[in-house]
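Both complexes below contain chain A, partnered by chain B and then by chain C.
Here is the complex of A and B:
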C-alpha cells in the first residue's frame, strides 16, 4: 500500500508539470524533430496522422510519444528512423516504414542504445532492414508490435527484434514475419519472450546465444528457414511453444547447442524435419512435450549427457530418435511411443518390455542418406524387425525401460 | 469384344475367389481403421497391403485364371475373332474384377475414414499396381505353356519386385556410398513399379523426413508436376509394355 501511495504521488507531481505537445500537419508544431527539441522530461507528444519524412530522429529525453491512427515515419530507404537512448521512454502506435539498408551499420527502424525502462508498444514496422535493434539496455518492453519485412537474401535482411547485451527485457505479443531472424538474443539475461508469432523468416524464428536465465513461453515458430536455435546458454526455460513446419536439410524445431541446466516443457513439435536437435547439451529436462508427424522427433548426438526425457508423447513421427554414436548417457522414461508394440501383463499402464526408440533404418539413413528412398519398403521393415530381436547396429542402451501403453494426457 | 469381356467377368464372379478377396480387403481395412487410434497408423498398415498383397494376388490370380480358361480361349480361337481381341477381353475382364475388388475393399474404407492426400495416393498406387501386375502376369502365362512353370515364375517375379530388388538397391547404394547416387536412385526407382508407388505414397505420408538431406531432392522431383507425370507415365509403361509383349507372343503362338 505504501509503495502504491508513493507511486501515486509521484505520478501526480509529474502530471502537474508534464505537458502534452501536439504534432501534425495542421498543428503549430509540424515536425517531430522540433517537438523533441521543445519537449522536456515527462512530456507527452501526440503525433497526428500523416506522413513524416524527417531523416534520422534522435530521442534522448524521457517522453511518451503517442501516434494517432498510425502516423507514418518514412525512412525513404536511406535513414535509420528513430534512435533512442535514455530512460523512461514510451513509443506507441506509430508506423515505421522503409528504413535504410547499410552493409556497414546495422540500420534499424527503431534503435535503442544505452537505455533503460523503454517501452515500444503497438507499433508497426514494415519493410525494414533491422526492425527493432536494442543494445546495452535494461528493462526494455517490446509489446504488441507488428513487424513485416520483405525477405531478400540473408545478407540483405536484418533481424526482426534484435537484442544485444541487455537484461530484464520483455518481448511480448509481437508478430514478426519475413526477416532474417525473427527474434535475436545475444548476451541477454533474465528476460522473457512470451506469446510472439514468428513466421516465414529466412533463417531462424528465434536465435539465441550466450543468453542465460531467460525463458520463452507460448510462442509460435512456423515455417522458418531453419527453425529455432538456442546456443551456448544456461538455465533457459522453454515452455508451451509451438514449433511447426520447419522443413529443410538443416531445419529444426529447436537446435540446441551447448545448453545446460535448461527445461523444455509442454511444447508442441509438429511436422518439422527434426523436432529437437541436440548437441553438446547436458543436464536438461525434456518433459510433457508432444511430437507429432515429424521426420525425426529428436536427433540426439552422442555428445549430450545426463539429459532426462520423460512423459512425452511421440506420435506419427517417421523416426522417433536418431543418433550418431553408440554411447548413450541420457535417460528415457515413461514416454508414450506410438510404435511400441510390447505388452502389459500386470496392467499398470507401463509396458513390460523396453522400447528401442532408435530404429535400425534411422541408423542406416544417418550413415548413408541416399538410402532414404527405400524407407517404408518391405525389406526395410524386415530389417527393422530383425534388428529388434537381435540389436547389432543400434545403440542397445538407448531404451525406454518404462514405455507408457496409452497416450499421455498433455 | 465387350461381350467376351462380360463372359469373362461372369466367369470370374461365379468362382467367388474375387468376392472372397474383396471381403478380405474390406475386413482388413475396416478393422485397421477401427483398431488404430489414429488414421495415419492405419494408412501405414494399408500401405503394406497395397505394396505386398495387391501385387501378389494380382499375379497369382491372373496366372491361374489364364490357365484355367485355356480351353475357353482355345474355343474362342476357333471362332472368327482376332487373337488380339480375345486376349484384350480376357485382360479387361480380369483387370476390372481385381480393380473393383480393390476399390470396394480398400477404396470405400479409405474414403470413409481418411479421405486425404495420403488416402488418394494409396488408392492411385493400388489401382496402378493392380493393372501393372495383371499385365505382367498375362505376359508370363502367355509365354509358358506349362502351368506349374507359369505360376512359379509369377511368384518369383513377385519375390523379386517386392523384396529382392530393394535389397539389391540397398547393396548398390552401400557399395557406391562415396559417389553422388541421388540421380541414379531416381532411375533405379523407375525400374520397379512397387518402389515407384511406395515413393509416391511416401511423399504424402512422410513429407517432413523427405525434406531433410537428399530427401529434398526426391521431394523436389517427385513432388513437382513433372514428378507426378513421370510416376504416371512410368506406371503406364509398366502396364502397356508387358501387355503389348503378351499380345505379340499370343498372336504368334502355336496354341
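Here is the complex of A and C:
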C-alpha cells in the first residue's frame, strides 16, 4: 500500500510539472523561440493571436502547441517556418504563411524529419512552396488542415502534403488546393489517406510512388492537371473516391502504372478524359465502380494482365474501353454497359449475347488520333454497325460474356 | 521566279525535317517511359532520333529503361541529352556530362542522380550531398 501511494504521489508530481506556457504580444513570453527553449517535455504552449516573424523555428521537445484564433507564423517568403523532429508532438490551430522557396532544397512551411507520433491538426498553410513535408517518420497524423498554394509558375510550386520514407501515417480531412501534387507518397507504407479534398493542383491530386500496403478512401480529386497517379506499388486499396473533371490530353481519373495485387472499389469516375488509364498492371480487381460521362471510361494497355473487371456501371461514356493491342488477358464480367443492345430472352437479367466494349472506331482512333474529328458521323456509326455484325478489327476476346440488362445499384 | 519558288519549297521541306532537340514544356509534356507529367526542371533527359522523333524523360531511370528496351536505339540517335542540374531546363550531352549519385538527391523516379555539364560544379555539389562522381558509362548501366 505504501509503495502504491508513493507511486501515486510521484505520478501526481509528474502531472503537476507539466506546465502551460502562454506566448503572445501581451504576455511575459513574447516569442515562440523563447517558449521552445523554456519548455520541457509534456508542456503545452498556448500561442495568442498575433503575427510572429521568427525565421525558422526548431522544435525537438515533446510538447503541444495550440494556437488561439489562428495566430500567424510568417515566413516572409524567405524561411522554412517550423522544423520538427522528435516524438509526441502536437501542433494545432496555427496559420503558417508565406514560407520560402529554394530551388535546391524542398523548403516547406512545416517540415517533419525523423519523428514519430506527431499530430498536425486544424492548421492553415498558405502561399507555401511545399506545405507539409514529412521524411523518415512513423505514426504521423495530418488532419483537418487547409492548404492553399498560389500556383505562380509550375516549377515554383511544391507538393501540398509530401511524405517520403515513412510508415503508419494517417492523412485525414484535409483540403489541398493550388500545389504541384496535392498529396505525394514516395516509399510510404501501411498508411491511410481518408476523406481529403484535393482540387486544382497543377499536376496530380494524389501521387503514389513505390508505396505498398496503403489505402485511400472517400477522397475527392477534382480538376487536377493530370488527375491521380498510382505508380510502381503493390497492394493498394482505392475505395469510394471521386475522380472528377480531369480534362486534357494527358489527364486521367487514375493513371495506373505497374500496380499489382490492388483493389479499386466503389469509386466514381465522372467527366474525365480517361477514367482509368492502365499500363503494366496485373492481378487487380476493379469492381462496383461508376463510370459516368467520360471520354474513355478505361484505357487498358496490352501490358496489363490477369485483371478482373466486374459489377461496374458504364454510362454516358464516349468510349467504354480503349486498348492498343489485340491480346486480351483480362476478364470482364457482369458489368452494365449502356451501349449494350442485346436481348434477354430467358429473363435472368443477363444479356444473351456478349458485349464488345471496344468499338471499331475506338480502335481506329487509338491508331490515328486525328480521326476523332469524324466522331458521331454517319460513316463511323455505319462502321461500328458493320463491325458488330462481322467483327474483324476489334479484339474478339475482349468481351463481357455476362452483360447486365439493368444498371447495377451501387 | 520558278527557281525561287522551288528553292522556297526545298528550304521549307528541309527545314521541317531538321533534327533538333525541343525544350520541355513543364506541366504539359509527359515522360515517354513512366507517363508522368514533367515538372522538375532540375532533372530530365531527351533523345532525338535521326529521323527527328523526340522522346522526353523525367529521370535518368526512365531514359535507361528506354535505351535498354529499344536495343538498336542508341545508334539511331542524333541527340542524347540530359538536363543540367545546376542550370535547370538546359540540356547538355549525356555522354559528356558528369553525374553525381547520392541518395540525398530526390529525382522524380528515385534515380538519385544529377547531371552537370561542368566537372567542377559536379564535384562541388557532390561534396555537399556526400555523393559519388560518375560518367555516362557508369550511369547508363553498361558496366
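Here, the second predicted complex is superposed on the first by the 395 of 410 C-alpha atoms of A that agree within 3 Å, B and C clash if a C-alpha of one lies under 4 Å from a C-alpha of the other, contacts with A are read in each partner's own complex, and residues count from 1 in each chain.
Simple rule for what comes next: a residue touches a chain if its C-beta (ideal position, glycine included) is under 8 Å from a C-beta of that chain, and two chains touch if they have at least 3 such contacts.
For clarity, every value in this text was computed on a predicted model and none was experimentally measured.
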Fit or clash - chain C, chain B, common chain A: fit
Which superposed partner A:180 touches (first chain B, second chain C, both, neither): second
Touching partner for A:370 - first (chain B), second (chain C), both, neither: first
Touching partner for A:117 - first (chain B), second (chain C), both, neither: neither
Touched partner set for A:295, first chain B, second chain C, both or neither: first
Partner chain(s) touched by A:271 [first = chain B, second = chain C, both, neither]: first
Angle, in degrees and to the nearest 10, that opens at chain A between the C-alpha centres of chain B and chain C: 80
Partner chain(s) touched by A:315 [first = chain B, second = chain C, both, neither]: first
Superposition-derived comparison: chain B or chain C, residues of chain A touched: B
Lowest inter-chain C-alpha distance for chain C and chain B in the superposed arrangement, angstrom: 11
Touch list for chain A against partner chain C, complex: 103, 106, 154-155, 164, 180, 186-187, 202-204, 209-210, 225-226, 229, 231, 250, 255, 257, 277, 279
Chain C residues within the chain A interface of the complex: 26-28, 30, 34-37, 39-42, 88, 106, 109-110
Chain A to chain B touching residues, read off their complex: 247-249, 251, 271-274, 293-296, 315-316, 318-319, 338, 365, 367-382, 407
Chain B residues touching chain A - in the complex, by the definition given at the top: 37-38, 40-41, 44, 47-48, 51-52, 162-163, 166-167, 169-170, 173-174, 177, 181-182, 185, 188-189, 194-195, 198-199, 201-202, 205-216, 218
